[in-house]
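Presented sequentially are two complexes of subunit A, the first with subunit B as partner and the second with subunit C.
What follows is the complex of A and B.
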């Protein structure tokens, strides 16, 4: 009953998104403003409908209705209630429904904004958001239905269908298979919603951009209107990526946090293009340049958002053959192709109207620094894209399986990232239009000298890796130039307005949230860079089989094997939990419990490391294997991950900076009004 | 606000010269990135082959990065503790998921391969501690290069024992 209700409301939501699209476009063609109001209402209606459908699915999950195939697939009786609720996005069909719900929420928020100044855009914003939503609803309704039930044929085979097929009886499994244990980590429970939030929020700026192109009003209005959307989308995308890294580190048990896995790349690519967009938008706002380029970037970001969902959801990653067999893959492929071609066609139609209002004056200017920044971001995005799709292309073209692993990405993206971080230190010092090389040199002198001193000192202590020396040197340089920027601004304020240092810094940041928020983000990136350099160049590992009481040495750490317990938990896990003592410089510092959980329902093991964490390094201990009589021996794998915590701290700083930049402020709103007034006046 | 006065008049010579500078600079960077992608791809791409395919292709594979998997033959495992060198022979197993399913799962497919005297075989040499899971009928996944002598010199040795659990670990967990 509840399943039928959920499915029915999805059908109505699909119909109303289609209706909203058609009516919105027709309202312009036939000049019927009343039709637009109707389209607006239909678009708003999708939200309560999809909310109802999602609540139905959550109800089915929580009340253990295993006749529903999706419920049986992703949940089980032993799971706690909160996990049953989050199983909403634990599988394919549910996560598509969840995507649709977020899309409807964001479309609804966009509908409810004040439309006084850009009312002409509204019909097309409705059309674009509703087409996107309709696509996902179509997938859920026709291809991956989360409400489908299990039916049994007389032959004993199961059929999955919404309504009872002839000659079948309903089949209700006694228990579900349960959520993939790897996904039962707090990081993994909030990681998909974060990523999806990031993905979906980019549909809104894209819709405004397309509306601007269609109505031939592709000036700066769409950028100003969607600035906060882009920042919020970017915030969630960044959060999703950082949480994903943390999850991999805590749960996957391979000692790392980022593996250049295609699924990770899928989320990373839109992040790269949107980061480029956030930067190049500043040139358009300030100098009226790069209008076409910004359109290209928002189109690319939207295409990569859908492509990312496609990569993770279509099965194309496991094999190109699995992709061809699933119905969802080709549907995605067609949708990405059509929207991409349509967007580019619209862009080319408006090509001549998107002329720059000014031109580049000098190679040494803020403008060209931004251009270089964009080139590098696109270079990294292209590298990651090529590495991700190359195995599929080669398998399709030649039948030969070829893979590219982390070495490819590290060697291609590494130098580009290094250049980008370096640029991050230089660019904020470069003046707009035309900078003087002398003045720039004078500003960089102290940070540069300090970085050189650091590199020499590190080399003197025996560090011999060029990559690491360069990485730490650049990090120090960028950190200093950025901090000096804060210092300079504060000192200027102290002079002009007689404030004390603290108030001056605070008002400085409050008055220029975007700028100083951006600098805080840059500082976060520097901290993360230090962590990435540390783990990439100095990770140590060892492994060994130990009898009870024996020890293993790695770097300054010594670990002894004290014991192992095996027990079965209430939620159907067999746990093997080792106890080890960790000594550093011959002093006992802690006891760790690396474990291996085996989930009976899904017959899947999960290796949970024991980690001793400090700002200097992490000792990361994995229980790999053990003898039936544990005192005979157990095998451990040990990693020392230097500076890995700098990544998480840097991540926090990064998010904090984004919040500062995205926070609504009264000042900015007033400035927009003033700017608009000036434009009208002139 | 007031200092951003637009300057529509710039000498045409300076403009075209300026554009050319930017174009050349941009193209140089783009070219460098493409060159970096192409050469790195060539040197880091890993080709998946079965033992049979490696033997059929023979010396044409020498020097390429290969990834191969096979069934370990227990009585060929040898360990030289003075040089920390492990060597063993592995037998051909199909890399097609459907073939493995038809054989009745990975464990069966590995068992069949190890027992089949006609299956293609290749010697693998790896420098490092003997992995615990290196035993008869385990699945070895090796990454490395083929030597002129037809021996597979592995830089990375990964073992799976399907008898313990059917392991289903995300790809990245197997990366290292």
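What follows is the complex of A and C.
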């Protein structure tokens, strides 16, 4: 009953998104404003309908209705209620539904905004968002139905269908298979929704961009309108990536936080292109340049968002041949292809109207620094894209699958990241239009000298890796140039307005949220860079088999094996939990409990590390293996991850900076209006 | 000038991955004979291989039964005096290239290494031409650029359009 209600509301939502699309376009063609109002209402209606469908599915999950195939697949009686709710996005069909729900939410928010100045864009914003939503609803309704039930043929075979096929009886499994053990973590509540929010929110700026192209009003209005959307979407995407790294570190048990897995890359690529976009729109806002390029970037970001969902949802990663087994792969492929071609066609139609309003005055200017920034972001995105899709290309070409693992990405993207971080220190000092090399040199002198001193000092204490020296040197340089920018601003303000240092800094930032928010983000990136350099160049590891009471040494740490318990939990896991004591410099600092969980239902093992964190480094202990009589021996793997916590602290600073930059700012809004007025008037 | 140096540095950095011989690998066996191969030696080789049954999990950290057996095989080979490269080749031959964490440079696989640097260099050239064209094509008409005050030659104004920042810069300039 509830399942039927959910499915029915999805059908109605699909119909109303199709209706909204058609009516929105026709309202312009036939000049019928009332039709537009109707399309607007139909678009708004999708939200309550999909909300209802999602609530139905959550109800089915929580009340353990295992006759529903999806419910049986992703949940089980032993799971706590919060995980049953999060199972909404724990499997294929549910996560597509959740995607659709978020899309409807964002589309709804966009519908409810004030449409006074740009009403002409509305029909096409409705059309583009509703086509995207309709695509996902179509998948959920026709291909991956989360409400489908399990039916049994007389032969004992199971059939998955919404309505009872002839000659079958309903089959209700006694218990579900349960959520993939990797997903049974509190991080499941927040990480996937953040990533999905980030993904989906980019559909809105894309919709405005397309509307601007279609209505031939591709000036800067769409960028101004969607600026905060883009920033908020970017915030969620960044948050999703950082949380994902933390989750991997806590749960996956391989001592790292980023493995260049295709699924990670799928989320990282749109982040790269959208970061390039956030920077390059500044040139368009300030100088009226790069209009075509910004269109390309928003189109690419949208395409990569859909492509990312395709990568993770179609099964194409395990094999290109698995891709055709479900209708979902070809459907995605077609949708990406069609929207991409349509977007580019629209762009080329407007090509000549998107002419630059000004020219470059000098090669040494903020404009060219931004171009360099875009080059590097696109270079990294292209490298990551190539590494991610190459196994499929190779499989198609030779029939043999290959793996492209972390060594490839570190080699290819690593140097580009280093260049990007360096540029992050220089570019904010470079003036718009035309910068003076002498002046720039003078501003960089102190940070550069300090960085050199640091590098020499590090080398003197025995650091020999040139990559690490370069990494720390660049980090120090960028941190200093950025902090000096804060210092200069504060000093000037103190002088002009007689404020004390704290008030001056605060007002300075409050008056220039975007700029100083950006600088805080840059500082966050520097902190994360330090962490990445530390873990990449100085991670130590060792493994050894210990009898009870024996010890293993790694760096300054000594670990002794104290004991091991094995027990079965209520939620059907067999747990082997070791107890180890950790000594540093011969002093007992803590006891850790690395463990290995074995999930019976999915016969999947999970390695949960025992971690001792400090700002200096983490000791990360894994239980690898143990003897039937545990006192005879157990094998442990130890990692020392230097500076890894700088990544998480940097992540917090990064998010804080994004919040500062995205916070509504009355003064800025006034300035934008004035600037727009000036532009129109001139 | 400064930009040129920066540009060269970046190009150099981009070319770095092409020099694939960079990290020299120790070809000599760890030791020969049972019991003398340490877990760390096994893991050093296992790191360069991927789990055969799960997606994208390095062999040295994979907890599945298949991977435990593979690590045992690596240990045997090391004890028999095989070098790291021989072991990697053995696994690639037995199970296909997908077990190698880093694709080889043989056949079509060379493309995975060549395309990214070529793409980035291509992009760099495109940006360079764009910059030249934008600066040369239409020389600035004297005194009449659109909007915004002409920044002073010496003024390091990070955002000349930003009135507040400009005022701030002047303030600092006066004190120098």
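The criterion applied here is as follows: the second predicted complex is superposed on the first by the 676 of 682 C-alpha atoms of A that agree within 3 Å, B and C clash if a C-alpha of one lies under 4 Å from a C-alpha of the other, contacts with A are read in each partner's own complex, and residues count from 1 in each chain.
Throughout what follows, contacts are C-beta pairs under 8 Å (C-beta built on N, C-alpha and C of every residue); 3 or more make two chains touch, one makes a residue touch a chain.
Being a predicted model, the structure only gives us computed values, none of them experimental.
S.K.: Have a look at subunit B and subunit C on subunit A after the superposition and call it: clash or fit.
M.R.: These partners clash in the superposed model.
S.K.: Thinking of the overlay built on chain A, is A:404 touched by subunit B (first), by subunit C (second), by both, or by neither?
M.R.: Both: A:404 reaches subunit B and subunit C.
S.K.: For A:434, decide between first (touching subunit B), second (touching subunit C), both and neither.
M.R.: second
S.K.: Which partner does A:248 reach: the first (subunit B), the second (subunit C), both, or neither?
M.R.: First partner only, subunit B.
S.K.: Between subunit B (first) and subunit C (second), which does A:363 come into contact with in this model arrangement: first, second, both, or neither?
M.R.: Both partners.
S.K.: Considering only the touch criterion stated at the top, classify A:513 as touching first (subunit B), second (subunit C), both, or neither.
M.R.: neither
S.K.: Check whether subunit B or subunit C contacts more residues of subunit A in the superposed model.
M.R.: The larger set of subunit A residues in touch belongs to C.
S.K.: A:612 contacts which: subunit B (first), subunit C (second), both, neither?
M.R.: neither
S.K.: Once chain A of both complexes is superposed, is A:313 in touch with subunit B (first), subunit C (second), both, or neither?
M.R.: neither
S.K.: Just which bits of subunit A does subunit B share with subunit C as contact spots?
M.R.: 253-255, 259, 261-262, 286, 288, 357-363, 368, 371-372, 375-376, 379, 382-383, 386-387, 390, 400-408, 411-412, 415-416, 543-545, 605, 624-625, 635, 678
S.K.: Which residues of subunit B touch subunit A once you look at their complex with the stated criterion?
M.R.: On the subunit B side, the touching residues are 1, 4, 6-7, 10, 15, 18-19, 21-22, 25-26, 29-30, 33, 36-37, 40-41, 44-48, 67, 95, 97, 129, 132-133, 165-176.
S.K.: Quick check on the complex: what are the subunit A residues that touch subunit B?
M.R.: 182, 248, 252-256, 259-264, 286-288, 319, 357-363, 368, 371-372, 375-376, 379, 382-383, 386-387, 390, 400-408, 411-412, 415-416, 543-545, 598, 603-605, 624-625, 635, 674-675, 678
S.K.: Going by the contact rule at the top, pick out the subunit C residues touching subunit A in the complex.
M.R.: That would be residues 1-3, 6-7, 9-10, 13-14, 16-17, 38-40, 42-43, 48, 50, 55-58, 61, 63-64, 68, 96-104, 107-109, 111-113, 115-117, 119-120, 123-124, 127, 130-131, 134-135, 137-138, 140, 145-148, 150-151, 153-162, 164-165, 167-169, 171-172, 175 of subunit C.
S.K.: Using the touch definition from the top, list the residues of subunit A that touch subunit C in their complex.
M.R.: 253-255, 259, 261-262, 286, 288-289, 317-318, 356-364, 366, 368, 371-372, 374-376, 378-379, 382-383, 386-387, 390-391, 393-394, 397-398, 400-408, 411-412, 415-416, 418-419, 422-423, 426, 428-437, 439-441, 443, 485, 488-489, 491-493, 495-496, 511-512, 515, 541-545, 596, 605-607, 622, 624-625, 635, 637, 678-679, 682
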